[in-house]
Amino acid sequence: MQKYITQQNLNTLIDTLIASGTRVVAPRMSAGIPLYEPLDSSVEMVTDQLPRRSAKEAFFPVCEEIMSYEKEGQQIKLTDIDPARFPETVLVGVRPCDAAAIPVLDAVFSWDYKDEFFLERRRKTTVIGLACTTADDACFCTAVGLSPAETRGSDLFLIPLNGGGFACQSYSEKGEALISNNSALFSEPNNAAPLPLAAPQADKIDLKKVKSWLDGHFEDTLWDGIAVRCVGCGACAFVCPACHCFDIVDEGTEKAGKRRKSWDACGFWKFTHHASGHNPRDLQPKRYRNRIMHKFKYYDDKFGQTLCTGCGRCVRVCPVGIDIAAIVEEISKK
Amino acid sequence: MHSENQKHDFEPKIIAFVCTWCTYAGADLAGTSRMQYPSNVRVLKFPCTGRIDPVFILKAFQQGADGVLVSGCHPGDCHYIAGNFHARRRFAAFRKLLEFIGVDLGRLAFSWVSAAEGGKWVEVVTDLTEKVRAMGPMVEFKDLALEEQWSGVINTPELQEAYDAI
Amino acid sequence: MKKLLDYSYYPGCSLHASASEYDLSTRELFKALGIGLTEVPDWFCCGATPAHNVDELLSLSLCAKNLELADKVEGDMAVACASCFSRLKTAQHVLGVSDVKRKQVEKAIDAPVKLDSNVKHLLEILAKDLGLERLAAAVNKPLSGLKVACYYGCLLTRPADVPNLDCAEAPTIMEKVIEAVGAETVAWTHRLECCGANFTLSRPGVVIQLTNAVLESAKAAGADCIMVGCPLCHGNLDIRQKEIEGVYNTSYGLPVFYLTQLIGISVGLGADKLGLDAMMVNPMPLLKEKGLL
Amino acid sequence: MPLTSQPIDTSIYATITAAIRSEASRLFTAAEVVAIIGYAAARRVGSAQPVIITDAAAAETLIFTEACVNNLAVYLTKAKKEIPKKGKIGIIVKGCDLKALVGLMGESQLKREDLYLIGIPCAGVLASAVQPATTLTTETIASKCCECDVHLPLGCDFVPSVTLPPGPQMESRYSEEIARLEALTPAERWAYWKEQFAKCIKCYACRQICPFCFCEQCLCDRNKPQMVETTPRPAGNTAWHIVRAMHLAGRCAGCAECERVCPMDIPLNLLNRKMAKELKELYDYEAGFEINDKGPLTMFTEKDDQSFIK
Amino acid sequence: MSRIGVFICHCGENISRTVDVERVAEEVGRLPGVAFSTDYKYMCSDPGQTLVKKAIQEQKLSHVVVAACSPRMHEKTFRKAVEAAGLNPFLCEMANIREHCSWVHENREEATVKAIDIVGMMVERVKKNRILPTITVPVTKRALVIGGGIAGIQAALDIADCGHEVILVEREPSIGGHMAQLSETFPTLDCSQCIMTPKMVDVANHPKIKLYTYSEIELVEGYIGNFQVTIKKKARSVDEDKCTGCGVCMTKCPQKKIPNKFDQNIGMRTAIYVPFPQAVPNTPVIDRDNCTWFKTGKCGVCQKVCGPGAIDFEQQDTLIVEAVGAIVVSTGFDLYTIAEKPKGSPIKGYGEFGHGKIPDVIDGMTFERLASASGPTGGKILRPSDGKEPKQIVFIQCVGSRAREKGISYCSKVCCMYTAKHTMLYHHKVHDGQAYVFFMDARTPGKSYDEFWRRSIEEEEAVYIRGMVSRLYQKGDKIVVMGSDISVGVQVEIEADMVVLATAIQPQKGADALAQKLGISYDKYHFYSEAHAKLRPVECATAGIYLAGACQGPKDIPETVSQASAAAAKVMTLFSRDQMEREPIVARVREAGCVGCFACKKVCAYGAVEEKEIRDRQGNLIKIVAYVNPGVCAGCGTCQATCPSKSVELDGYTDEQIIAMIEAL
């Protein structure tokens, strides 16, 4: 259903949700940089900048405890984390490139193994997308088939209108429920024209052609040329809304400790480092090739989706200026 | 020497990293001379102060120590000739770093105690214990250990106690 | 003359009685040297030697009270008499070491004990605070040709770690001060030997014997006169000299000066300002012979 | 009182770019070097990225602009196994980069004779490459350049002959920030760093970009024993950054790449510059000026300060 | 899961008095990995050790923790016991709950809780202990003896007689040390030259002893079994091979008035001299400070008259490096002087005795030279000031010794005996002379010592006055000694002709510098510290270095000689096997992690880190890594703390063990 909400009402919506104990996560300034973080009040929300980290964090945390152990005498006591205890969350002000990545992640986390940690958080979260009005030359969502007004992944999608307020459209029961529960704050759609959306920064790339090239070029000089520059950090993977690899490690002392799941990146040397000392992807080009292959080939082979929403974060943070958009474009021309 | 130790509300946990040739032997001498001192200190024996890595001090604070003492041979007396000279420079740099991060240097004491200075060992340990007792528990690292990234927090009451219990 | 330094001045009982010339010469000399002296308001006896033989708490309390009274006057505390100096310093030392005694004394004088105030003998003030150069600069009649035997007695430097005026066994502060004003000093063996002190009343025989040894050694060393910093030593060496000469039928004729008297002469003070007439062994012939009067 | 933003004259960069290109092609034609590590333009307007060229033809792609922010020394360390280490390698070095190379030579990682150093008279580079197409002003310039003492790198094999225009007076941001932090109480400093370290996501960009982090396996990647927690929790992050700062004490020459590449904008170089300042005060040692075989923390003198030891 | 055995000791009741040992054993028993936990009255006793051995076999223990005294006391004992039971000794650790717990904490609850913590900590540590095979190191069967006094001579002869080469280094031109200066020695009054000269000649003629006199130790490197010692042989300006010892040069040398240190500067010597007639080697030395040739380039008489042409003014100091397996330190003592000490010195002089400015106030050694037949006065007791024979001598005991306010608190052990001897010698030589001795206590503990001391009173009519001297001063040609006789309670004044001070015994000057070269520790008086006061008196804590004689503390000749033979015996045990077993606490490099930055090599004070190339089968170089020579590594661990990636690890103190301990607290 189509609705309209003023900026003021949106703020009251957020504040009422917070008051009711729901965790409202939205972009806000935190220690000098914009990040998706739980709000204390709606006034903190900042919508003009793309947060440094993606919204995947609400479902796939940077680091979470999944179990704890304690030794009493000769036995060991294990306590699991009950996913039912994840907090109710409303994600507000999510950019289309972040929101679109969420369904992409759903595929892998509900594949042969149902990752309850992810899925439970998904079930308990309502995503309110916001059309994108500011973009820089690093953005290339249009190149991968998305757009500043892409509604994929949002339960509710807001489009900023000329003269203030947002046109909102619900795309799931959660969206409808949110509107019906707070119907007072919503009014009938007025026909004000939407504010100009962000201008597309890159023209569409034929991903099918890219995938087909990748199918046949596991060994290619292209990889050495690009990846010899890569220093093997995890910045691109960690800020990427779509990357979902994680590491599980036990931390604590001999007596007691916790098993924690935290982000990992295929760019790291130790990602594929075997206990024997052998490393199938010992050189950086092999590791960087895997990043491109996973995003534009393997994920397509398995789930028919592209593991990249063109948000441009990896281009901005790469220490050595490796630009995935340029690479994909180069491949599409081969 | 130590008047009957009245029950204090806060018993600081003091960890001492000492070299075996001088300070450990000094502590032994304090023992053989039956000198009394507060029982808060736990001593870890190293071959030399040269072997004491700054990460151990960091690990000690993380494991809940309220005060850390590092003590070894007087310059020139080192059984391994130069171990304590290297340690002196290493800790001169490390304490500046900790100070810059915000650790109160009153909790980190360094001293030279020779094998003949049982009294000085007792004095150094007692001073640090009483000073740290007055400063109260070292909350910085203890609170830090409980903090989580916002996304990893599961804010249900029972779990909060579980956290506090460890 | 701008006041260089300021002190609270603790004369002690003898300087208001038998040793008034020491008090007079001290005031005049310090005025001449531009050193301010303000007598400690209603000071009283430091107990000297008898007090601590009888009741240590009394002795410590007397000194503690004097220290407290002196604290009201700005500046360190100047002491002329060696016995007062020794008692005050001992009190500070003992009360600093023993908490039990300190609590008792504080109860007795019902005030906190002033352990940190500086108690200084005149010698220290002249040699260290004023300094030998400034002292020498103030001299207008150097005591050239006058051979002086500096007599420390027992209380100025002992016990070793209490007065810490100078080295306990081989002090040189008196020699330095008097040489700064032009006199010659002699090396003699009895600088630190006891003169018998207050046995002079109870067992004069002891004083006769001990003081004789001191005078004999000074005479043997070729001294013209003896310089002292303590009224009790002055008493024995000066008043009993005639009697000793009779007992041992010898003649010494050694005038006994207070350090402030000799230094007073060197800075041009007249005999009336130094109480030279109060000395039993008449110093005038010697001074005239040396052209100092 | 921040000065008003003044532009910085980077006209010489064009002449430098031309000089580098001609030198590079000369080197390749004379076969003096097997490869040259330099900068080339990237997709985004005004951006630059490191590039390794191996023939004269590619020499034309070399550029030097205010966006050439990377410290290329990282490509010569043992951690970067991809680069063949046979034969002489040319490298474009700004003053701050050269200091890192000098440090590496002191730690037997590189030999001077294996390198052909092309020095850049540098008027300053951008603070970060996030918005590359920005002109270089006293606002957008990197903090390290405000306090730079090596505008003209010494001891290089080739330096384009240009005269460096006198740059505007700039306040030294790092020393002021360090002074500001030092003036705080320990509790305030702890709160400041706790908030900064809480942002860290352990992406290790600061480690991977640093020329001095060339260990085969980093101490913080090991778990037998687990000296430092590996997960990006505030406790683990604090320990990691303390260990990193301690390991670089006396080695780091202040190229500030760690701070530039941090995706979370944590002011990491403050830690290294604070340690450099302390080691200068304690042992009068400054990293990166001459190749000395022993750094401040691998040597000692009889009379080192021990006022902090009872 | 490891099966750890914990054994809590009562130590009689030293531990159990304040620590509830049963509760400790019971609580530690519940720790994960502990299979057996018990307590026993005397763990270090034979039944105690058998308890451990039996438990290891029966309970199939994998590790052992003994909670008792300090590991510095019985670690070796228990590790031997554990080894006897078939377990690697380094899987056994000691928890110090006596010196660090029961003895220093009265409160029973606190002491028990602390003991549980300490034992728990060691249990966590021992889990991470690895089996460390003992390291065998080749032993150079040559010994170095530093100091050629009676101690050095005896030790050198004992070792050489067993067929091992000995290098004896002596700082003075001749061996003999202070004993050679003595006239006769107590308690038998036989003359020191007669009993010592034969031994000195044995040293010179012994085929196995290489003698370096007028030489000093420059540098000591290496470790037990493999020391490299650099010796500086100072230039004697006389070629030892050519010189026949005829002594013509000494008679012809025009410089005759140089005070001879050997004669306590009473006797005079020439510029080219031997310290005393029976000097070994009998080769003179030119004193370059007082020789006219070295000062002005003139004279050179000695060169002219020397038949064999042995005089060589151009001779330079030479450095010689000797490889030795063991070092015996026997550097002897110096006498305390009453002179004024510099400001800030921990020791004070005696202003009350004139700071040594009164010529007839002499010390014991000077009296020895006066009494010695080969001394400057040919054995007659004459006053240094005017050469007259003193009729009354006052001996003052404990000058410096037992005087805390003078900075020396210990008793110098031998003065009572040699002063009694002095009174006898004085009485034999000056029949009508009267000796007075001011003393506090007579300490005469040796065999037939007290009888000797009684004789000096009963037969030699010495007057012993129990009391101290407060002051003495020169009066005319007499010395007035003012003392007290506390047994009678009177002041005593004696006008003496001469005063002999029994001054304290101190280590040689420069003893601390030599200790720092050797890496051995010393006490606040600079006496060398033995490994254990009662159980290892002749060994240093530093393996391979042994102590003999007064350098370790004041002692008389019988004790010195027995210590010298004991030290020699220790050297023999070391040389008895070709391979010596070494504590396997050494560093090892994990070559996978090492990137060859060599920070470890830069901080290693022993130079134990070498560079090692790693090549693949085709021989091309993969990388250069660090390599620790297990023979040279002393096990300080500085390398591991310096290595950023912790690729070098000190066995026995690995990071795993230490982190486990920290986490257990």
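We call the chains A, B, C, D and E, going by the order they appear; numbering starts again at 1 in every chain.
Note that a residue touches a chain if its C-beta (ideal position, glycine included) is under 8 Å from a C-beta of that chain, and two chains touch if they have at least 3 such contacts.
This one's a predicted model, so the numbers in the text were calculated from it and none came from an experiment.
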Length of the shortest touching-chain route, subunit B through to subunit D:
1
Chains shared as neighbours by subunit B and subunit E?
A, D
Of the chains present, which has its C-alpha mean closest to the combined C-alpha mean?
B
Look at all chain centres (mean of CA atoms) and spot the one farthest from the centre of subunit B.
C
Could you compare the number of C-beta pairs in contact for C-E with that for D-E and name the larger?
D-E
Outermost chain relative to subunit D, judged by CA means, is C
Subunit A to subunit E, mean C-alpha position gap in Å, rounds to 73
So, in whole Å, the Cα centroid of subunit A is separated from that of subunit C by 93
Whole-Å gap between the CA centroids of subunit B and subunit C:
55
Multi-chain contacts only, two chains or more: what residues does subunit E have there?
592, 603, 642, 655, 659-660, 663
Residues of subunit A that contact two or more other chains, please.
62-63, 253
Multi-partner residues of subunit D (at least 2 other chains)
198, 217, 219, 226-227, 232-233, 297-299
Please list, in label order, each pair of chains that touches.
A-B, A-D, A-E, B-D, B-E, C-E, D-E
The residues of subunit E that touch subunit D in their complex are 592-599, 602-603, 623-624, 642, 644-647, 655-656, 659-660
Residues of subunit B touching subunit A in the complex
63, 148-156, 159, 162, 166
Give every residue of subunit B touching subunit D within the complex, in rising order.
54-55, 58-59, 62, 75-76, 82, 85-86, 88-105, 109-112, 124, 127, 140-141, 144-145, 147-149, 152
Show which residues of subunit E lie in contact with subunit B when the two form their complex.
70-72, 96, 98-101, 103-107, 110-111, 113-114, 117-118, 121, 512, 516, 519, 521-524, 529, 541-542, 585, 603, 605-606, 634-638, 640-642, 650, 653, 655, 658-659, 661-663, 665
Enumerate the contact residues on subunit D facing subunit E in the complex.
78, 107-109, 214-219, 222, 224-227, 247, 293-294, 297-299
